[in-house]
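Shared chain: chain A. Partners: chain B in the first complex, chain C in the second.
Moving on, here comes the complex of A and B:
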């Protein structure tokens, strides 16, 4: 590049050589900070394993206390039946009804089962035997589920007690659970965790690295080079794209071989979808870096500002159909939402690429919009 | 009283950053006013496709009964299972009920009729609970029919067992009650975790930390002067949260406000200490950010904010034991929703105090005045 005229008005080939030089420089930046690189490569693995196993909305092992003034055959049998179940763990027996309030207020138990007095006698001799299931309503999901399970168990006991043989006019439902017959929670949460990890890490990496150059003033040096600003900025994204691809591969390997979540559909299209999503996430990072002037602001927006909406609005934890309409609209503009839907279709349901065309189109347009807006926002002139 | 000047310096630095000082006020306000509405695990309004191959009065009555229930929406009547399955693939329906052509005949003559329920179980809880609801409606319908066809048998199978359900503290099972305290904890954790983590390391990057290091100020007072501003920030954030919760959701602590402030002060001290530890070890802001991000997000997911700790595998529960969030969240829910008294809260209080002492001692010890 000793031809000076080439520097002022670069040819296509010259542009390419410049571009690669910039990319090499960015790689140097990343490899130099061994600690950051280690964190970036190991963190997604740990997060996927931790959250993939820990996130579980299926209720089990709920602690239950029992107040049983009768202490007879029937109450003991019912307590026994509750106890052998996976859903309940008998925490302790209460001595008086006053204790009910206390065990709730200390947060010891999720449910208290209260039997009426002379339970067995009333049950057999036609009186009214009462069971009250008092659940801690502060966790509605658990409260609803465990009271439903407990009343089913009690009803079954009642049927047994009556020894009614074959009941006539029976309607028997045959239940088939599609895509996830053993109801593994990871099938639901792993795509969500993937979507969250990729989005947050990509956006954080790019936004902070550009903001740092702005803060140090080195961005200006890059922008006075003969290369077009578009390429200057893209060259910053290239190394992070590679790093994210490495992360994607480890994430997929772990979800298949460690978490036991299969890739039921086309592996090829899963990769294509994920690469597009990585691109969108990096572009989001570009957008953030184009509006901030300091690393601190870039971090607060990309780490904190994105983390909460992605967790709560993307449908990763909470079903989007339960949200109010205004929030559903908000969740529509979160890229993770579309990625998660598409990953579930291809990875879990095993559908063909035809079923995710909408999601691909939406992610594609998001990528275009984000890149356009952030390039326009970049102040390419010195102030 | 050199500490007084140090604290003054920290506040000045904080106030000079226009983005930061606005962020601390706006962020909790916006997040708490929007996000609790989104967080709802309830399984309701399930979209059900019914394939009625029987078209008898019995099958139609069943369909009407399902349509009248509050759990299900009927989404069209597909003609074949394949078509219904297509709807499930596209997430247009959640479940399929298939009534066989011989339904009425089986029920009346054979005394046993089968129906097929297929549920989308990618979300296992939704699939499982949805089919349980549908099975419940079927059982009710079944009992009705039996009563019509065989009035005598039914009366003999009735017993005097009554099961009643009662939901304490939240009779209508409103999810916001559960989520508002959780989101408050999340906000305080993020602000009081991220900001201290950036503090020391950004002085390292700017080079100003060396000016501090050459002064005779002790490590202890230096760390203390860095902690106190976040302590104040924590109180501000908490107060904003109280206001939003009361204004938007009508939630006011059932227990004492002072108890919450007391616990928050210990929690913020503990968590800011953790942030400072990260800041001590990190060489660049970027490293600090990734480390504190990982710590915060791990604690958020492992402490029972969204999914109960009891559901986690044993090793996950051990991790939650070393998370200050778990104890603070517990206290928030207890005091906010149940009005528990101080006596119920001794254990979490001791746990939080231990965290505060350990983290801050560590922060002081890991601070290096000389390289």
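Moving on, here comes the complex of A and C:
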């Protein structure tokens, strides 16, 4: 029993065997914890569906009331066009302008269309006719969206009139939305959700699982053992790397087959880009775990320090171009921002890899910096 | 500085003026002692006396500010990697993985400490048989009672037959009956030649040690066999000894 001679120096093969044993242990932690499983496998799908459908900025079937004192060819045509559209449902016709106030207060409708008197006549003779679109400004996003839709529909009608030559030559501003002509929100959200989920799984789950070892005292045992700290850390990252890849594939499948967002560009480069981003996120997780000692702190830092900036500053919800310069500068250091931009280029716009070289370079440098800092920070000796 | 050749053959731990400072605070103050092979060495002291800090230095978890120490013949400042391979460690936090099965925990730690792959399965069965845990082999550790977990944690810590095992308050929170069973395991380990370095604040446990040191305010106030200490201080038990010495403490809890 007392034979120390078999306590040989760990060999490369021995290290590999126990590295794999460690990876297996990590998977046990994940698969035996319902909460982890829920966060890792169900949440990404829920988030995608939530962002894709529920938090949709598209507005469909808005109820519209119309006040039409003219009742002529033009007004009927416009109302008809509004009605056949997916976006609007004609709620009812108003009998007097006084009713406008009332229908908004009762919340019956989202928009009221008010035509001027003698609409068609004014349009044909004066080349000008007035139409008022009234929307509920308490919800500016919706109001903005539906009035834009309505304006577009009215413009289209004008265009038609132009073609028939019924009215004199008139220039109507043309609004055309590139890449997402029908303003499908999923085109915007899928890249954003990908950026967020990968970050969440890699950074939060990795940092929480390392913090858990510190909390439970097992990290101490590991550091007293001959096992190299590097292996401890790497073995933590491996399972989350695999799960992120699984999630990446799930998200892509759902977005292509359920939400109808195509992968317009190179699938290969989309995957390469995503793997690089996964790597950056894992490094962030390791960095977080090197500075915190409790799971709660790891969770808070991941949520507040990563999730919030990603949602608010990455351009996922709000365009970064409109932000104050300071916030724009801040958004530049958020990896998700570059990933989301690059995914949009490859996946939605179908551009070549040449167009995302900048983003690849930025993410690559971030990966190098983060890995270096977090490995250096990981304390071999607990002081 | 003394050279390696001056370390006595039969001493597995040798500390000379081992000191640890945190800023202005001297947690461990010029500690010097020796522990012989196969000895059960009790490392006693009130909370905040510096026990854990001293122990962590010996295990390579913390770097000393000054002084020297050798564990299993290796310098704690320069040969940490070699030391790690011949020690076992059990902390006051119960440190097995709760969501792993009994055999998975054993297998994992055996692997980390470099027990040859081919020996692990057989030795696991031997161990479970000795502990009477055969039926729990497939059980998740979290389903075991605390006393069982602690016995298992100790057995895992010495599974690779280390030269020394460091136990940091291993019996915290368990009842006296279970503590006795635990100490039987410690005796068995010592009989096999494993040196046991144990911190505790249960004075009945101090009686079980071959020799005890009592730390007060970062330095060793007394070091001898329990019987000699009792005679010197004319105390009727170790509890009495401890209180006579600990009364000198100026430091309050950290």
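Just so we're on the same page, the second predicted complex is superposed on the first by the 244 of 383 C-alpha atoms of A that agree within 3 Å, B and C clash if a C-alpha of one lies under 4 Å from a C-alpha of the other, contacts with A are read in each partner's own complex, and residues count from 1 in each chain.
One rule holds for everything that comes next: a residue touches a chain if its C-beta (ideal position, glycine included) is under 8 Å from a C-beta of that chain, and two chains touch if they have at least 3 such contacts.
Computed from a predicted model, the values in this text were never measured in an experiment.
Residue contacts after overlaying the shared chain place A:372 against neither chain B nor chain C. Within the superposed three-chain model, A:18 lies in touch with chain C and out of touch with chain B [touch as defined at top]. Judged by the touch definition given at the top, the superposed model places A:136 against chain B, while chain C stays out of reach. By the touch criterion defined above, A:223 lies against chain C but remains apart from chain B after alignment on the C-alpha atoms of chain A.
Of the two partners chain B and chain C, more chain A residues are in touch with B.
In the superposition on chain A, contact of A:29 is made with chain C only, not with chain B. Residues 33 of chain A lie at the contact with chain B in one complex and at the contact with chain C in the other. Those residues of chain A lying in contact with chain B across their complex are 33, 35-36, 39-40, 43, 46-47, 50-51, 53-63, 102, 104-107, 110, 122-123, 126-145, 147-148, 151, 154-155, 158, 161-162, 164, 167-181, 183-185, 187-188, 200, 204, 208-209, 212, 292, 294-297, 299-300, 303-305, 307-309, 311-313, 317-319, 321-324, 327, 330-331, 341, 344-345, 348-349, 351, 355. Here chain B touches chain A in the complex through residues 17, 19-20, 23, 27, 31, 34-35, 37-42, 44-45, 85, 88-91, 107-108, 111-129, 131-132, 134-135, 138-139, 141-142, 145-146, 149-150, 153, 157, 159-171, 173-175, 177-178, 183, 186, 190-191, 194, 198, 202, 282-287, 289-291, 293-294, 297-298, 300-302, 306-308, 310-313, 316, 319, 330, 333-334, 337-341, 344, going by the rule given at the top. Of all residues in chain C, those touching chain A in their complex are 56, 59-63, 81, 84-87, 89-100, 104, 107-109, 111-117, 119, 140, 160-161, 163, 192-193.
Residues 1-4, 6-10, 14, 17-18, 21-22, 25, 28-29, 32-33, 216-218, 220-227, 381-383 of chain A are the ones that touch chain C when the two sit in their complex.
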